[in-house]
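Below, chain A partners chain B and then partners chain C, in two separate complexes.
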Partner chain A sequence: MAASTNIATTYGLRLAAPLAIFYAAFFLAPLLILFYVSLHVDPEMTRFGFTQYAKFLFDPFSLAVLGHTMWIGVEVTLLCLVLGLPLAWLYVRAPSWAQSTLMLVILLPLLTSVVVRTFSWIVILGRQGIVNTTLASLGLIDAPLKLLYTEAGMVVALAQVQMPLMVLPLITALSKLDPSLLDASSALGAGEWRTFRKVILPLTLPGIVAGCLLTYAAAITAFITQTLVGGGQMLFMPMYIYQQATTLSNWPFAAAISIIFLGAVLVALSLFSLLGRLSKGYAHA
Partner chain B sequence: MTPDRRHFLTSALALGALHAFPGISVAQAHRLVFATFTGSWEEAHRDVLVPAFRKANNDAEITLDPMLSVDQIAKVKASLANPPIDVMLHDPGPALQAIDQGLIENFPIAQSAHYKDLIADAQLETGPAPFFQVVGITYNPEKIKTPPTSWADIWKPEFKGRVGITNLNSTLGTGWLVEIARMRGGDENNVDAAFKAIEELKPNLAAVAANPGALATLYQQGQIDIGPGNFNAIQILKARGVPVEFVAPKEGAIAFQTSIHIVKNSPNKELAAKLIDAALSPEVQAKLMESPYLIVPTNTKVKMSGEIAKVLAKDHDDMKKKFVFQNWRKINQQRAGWIEKFNRDIKL
Partner chain C sequence: MIADPQLRTAQALRIDGVSHRFGANKALDNVTFDVHGGELVALLGPSGCGKTTLLRAIGGFIAQSEGQISIGGAVVDHLPPNKRAVGIVFQNYALFPHMTAAQNIAYGLEARGTAKAATTARVDEMLALVKLQNLAGRYPKELSGGQQQRIALARALAVRPAVLLLDEPFAALDKNLRLDMQIEIKRIQRLARTTTLIVTHDQEEALSMADRVAVFNQGRLEQFATPSMVYDAPAALFVNTFVGAANVLHGTIRTLDVDFVTLTLDGAGEICGRMLQPVSIGAHAVVCIRPEHLQRTASGLAATIELGLPLGSTIVYEARLANGVAVKISEPREAGAEPLSPGTPIHLAPKGPRLATVFPHHA
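Showing the complex of A and B:
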């Protein structure tokens, strides 16, 4: 038995080799070079040291930028979840002819470039945009509201841009849910809310966690949307890196920020998956 | 996913690789490569400069490889012994970086037919300026009936929530900061007055855009009605029917030299010098001054006409009086500090 397992394993590894080489050459190697660059004291890269990391980690302003970026990710992820869950539910429950239309609607954002999607949000949120003109014609506001270049506007735009990343895993998880479980739950006297909390939520948690992981990672690194809808006065990590790397040519600092950002994102993502693992116990309880 | 991030990564990679494997490059001959800027610059150079150069030089082969200044520098730096680019185009800030890092070759002035005709501010031996970029006040004439005349007008209370600026990532934003410092008694060495002025501008500020392109979009959306703007960017908007006008403020319009350089160790030095000479020639500059390019000429033999004569300067003497040039060597030395201060202090 042991021998055959071994054969299967080696076979599998060999199949994965092209991908592994690809990753080593185009992901791991650049990452190592990035790390190497970050270990320099001066922008000319002549002396080694950890000063770039110290500069970031002991600077309250830089830490605030990191914290704010991570927090934006949480806001976007929650909004995507709250809006995405009903949408995924609707899709799973819809008749099959409606499903294909719905799927097209859900996928539509992925079929257009992120730049185009972001520009459309500039049009929607602008002073003469759809939201402001509608509110004004309804007589609800006298002067246009400031929506563009605000944090709230940016979070909404990011949520729309990243929505498919949340909805698709949710749909997969919800489609696997056996409808008879819901009938059983209600037959046993559970109300809708109780069924949702005790049956649907635990059973779809893997999908929720997957969706949250994808949305979170995409939202905090979304340079274009953050820049164009958030504006130049709100500084987030991608812009901070860009600024140091391109405008100031301070590559060691930019590299150090990138590594720190990567580390922070990895910590956040492992927290998510830990949450997912813990919840599995909850599902079986 | 985002072009900027990709650009950044290739740049970082190039530098990293350079340090990890010195001497990796092998010399080889190639056709002349001119790294212009993307967008309207590429168009102008493809349509006017390249045909003129080829006509004058026996149909010599040339490739346009449009990219940002920072990428040009990264690519040349990564392979200095055998640069993939022969001619670079830069704003004043990056130009000094390229010069300081020893990436460029001085322009052979003696062999140039047109260098002597350039106005003094364009005569740079490290690489002359065939074009100027100009920053003045942009406004929406549908909303603002009395055209502004001074940078100080932006602070008027009537423009509450109507002003847009960019942050200091761009040449535009940084140049504007220095000019505002000058208006308030400071200069390149002392921009504290400008930061104080921006603090006072906050009630008027509707937006701090991340780059000049994003700023231009905001006029289109009616998000802002007045602010500093690049003459050429505004002309492009205007041609698309956006209600915007450009005025040179009475303090003078901020002018930047867009300089063109021969890359060190280029195997095509002679052709590179000829391409630069073509860019300096009155024929090419006169054509580029016309619509839709509207690029400000630096050759005094070019007679100003059209929109440029109307809005900016009627001849090169007028230009000397109306344009303000800044000391980018001093600016570069302090820019990191200014950007840090801007990051920290300018919150809306």
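Showing the complex of A and C:
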């Protein structure tokens, strides 16, 4: 038994080697370089020091950008969860011929280019866009609403783009749910809401956590959608880093805020997965 | 427990002309029967005959295409499962994997808004009933199949259902555990006086546990009677061959009496039997005789022994009639007796005319 386990492990490690090398060369090494760059005091990178970090952490404007970015992620994740859960439920309950169509619809955001998707949202949300012209022709509004370049518009666009990342893990979790558990709950006198809260929710929590992790991480780093649909008025971390690096050529500061952003994201994600670990006890169902 | 004033057990169940179609396929065909309060009824039948469909209709998980179901005299067709007071134990138990045994049992009580103290007391009572007090804190995956099943039973009984439905509850258990659980369920069911329907493939199980047996075939109820009646006086050819072993012989009706007919077997002689459905002289018919109801006699159907199997207290013979049809005979074995050797000529007759049943044959 022990011998065979050993063999399996050796093979496993050897097979993983190409991936490990890839990660080391294109992920770990750049990260180390980034960290090295961030430790410089001046943009010309002549002296070492932690001043870049101090500059960010004591600057209310920078902290606000970080906070706003993290908050946008929460909003997008919640919206995806609220819309994604019924969608995933619909998929799991649909007859198989409808499932393939639904899956195509669910995956569509992943199959279109980010730029095309984002420009579609500009068309939809613009002053003369689909939403405004529809509302106007229905007589519901007199003047076009400002939808584009608003936080709400951007959250909706981000949610659409990230939706598959939420829905796919949810579908996996829901289809693992034994339908007889729902029948059992009902036969024991529980209404639908109670069954949802006491049976469906706890048993699909690992899937929900996975979906939230993916959506959150993708939403706060979605540079193109944030920039194009959000417009110039709102500044988020990816754009902030980009500006510092390319427009202002302040590489050490850009590197430092990248590291800080990375740290903040890691903290947020560990909070999520802590939730997941709490539910691990019964994730096997 | 029996003194409980709120006891809603011992409620009669009435199935009235219930049919159910899945598309073109008729899973239930005009099924009607009455179950008395506190009775244990076994639903017996081959795979796909509609047993689960009937349970699901009673539980409210599907709405039958036609007919009515009433519990305790009240029609329940419009009620969702959570309003029907029907307890169900699924074939796979369907225990909530994220809850302990005790939490599983408490689930239905909490859903009904039972006070905490009363819930705890009832959970303890149910754990004692299924003799699993020491496993209250275990999760389902930490329980054996038999223990899971007892928890599932306790969970269904905790809310005092008017009717308890068990869908092949013993399918996953080995033979010893199965017997233990059959006795256990029977004991619990007696004690709680819960009207119970138990689905099974296993005829021994049905005959030994049930007060009455409902035999199904292709969605139709073929017979609904006590186990002895089903065995001794089968109402249909299907029941006769499905429940217990039976020799089926083909022939033509020669004489007709009030209840009895004489049948000429194709090239093997004559036999007298009890007639259940009207037949006419000259009609084709089949006669069923159980192996233990055939005896060796001086006269009767001529046959030749092919094989004799001494099975402890009985000997089972396989013999061939003059027309080449094989029949089985089972007779008690005296101490020291050896079976007749193959090739021995014998004569066979039913032990009594009531023990051979004649059914019309629809070719």
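Structure notes:
Definition applied: the second predicted complex is superposed on the first by the 275 of 285 C-alpha atoms of A that agree within 3 Å, B and C clash if a C-alpha of one lies under 4 Å from a C-alpha of the other, contacts with A are read in each partner's own complex, and residues count from 1 in each chain.
Operating definition for what follows: a contact is a pair of C-beta atoms (placed from the backbone, for glycine too) under 8 Å apart; a residue touches a chain by one contact, two chains touch by 3 or more.
Computed from a prediction, not measured in an experiment: that's the story for all the values here.
If you put the two complexes together on chain A, you find that chain B and chain C both fit without a clash.
Legend: residue contacts after superposition of the two complexes on their common chain; A:L148 is shown touching chain B, with no touch to chain C. Shared-chain residue A:P95: touches no atom of chain B or chain C. Of the two partner chains, chain C is the only one touched by A:L181; chain B is not.
Look at A:G232: by the touch rule set out above, it reaches chain B but stays clear of chain C.
Shared-chain residue A:A190: touches chain C; no touch with chain B. Touch criterion met: A:F223 reaches chain B, while chain C stays clear of it. Number of chain A residues touched is higher for B, counting chain B against chain C.
Of the two partner chains placed around the shared chain by superposition, chain B is the only one that A:S249 touches, whereas chain C remains out of contact. Put simply, the three-chain overlay gives an angle of 150° at chain A, taking C-alpha centres for chain B and chain C and rounding to the nearest 10.
By the touch criterion defined above, A:L203 reaches chain C but does not reach chain B. Shortest separation of chain B and chain C in the overlay equals 40 Å (C-alpha atoms, whole Å). The residues of chain A lying in touch with chain B in their complex are 30, 33-34, 36-37, 45, 61, 114, 119, 122-123, 126-129, 146, 148-149, 223-224, 227-228, 231-233, 235, 238-243, 245-251, 254-255.
Residue ranges on chain B touching chain A, taken from their complex, read 1-2, 4-5, 7-9, 11-13, 15-17, 19-20, 68, 70, 73, 97, 161, 166-169, 206-211, 214, 217-218, 221-223, 335-336, 339, 343-344, 346-348.
Here chain A touches chain C in the complex through residues 178, 180-181, 183-191, 194, 198-199, 202-203, 281-282, 284-285, going by the rule given at the top. Listing the residues of chain C that touch chain A in their complex gives 59-61, 80-84, 86-88, 90, 92, 94-98, 107-108, 111-112, 139, 141, 155-156, 159.
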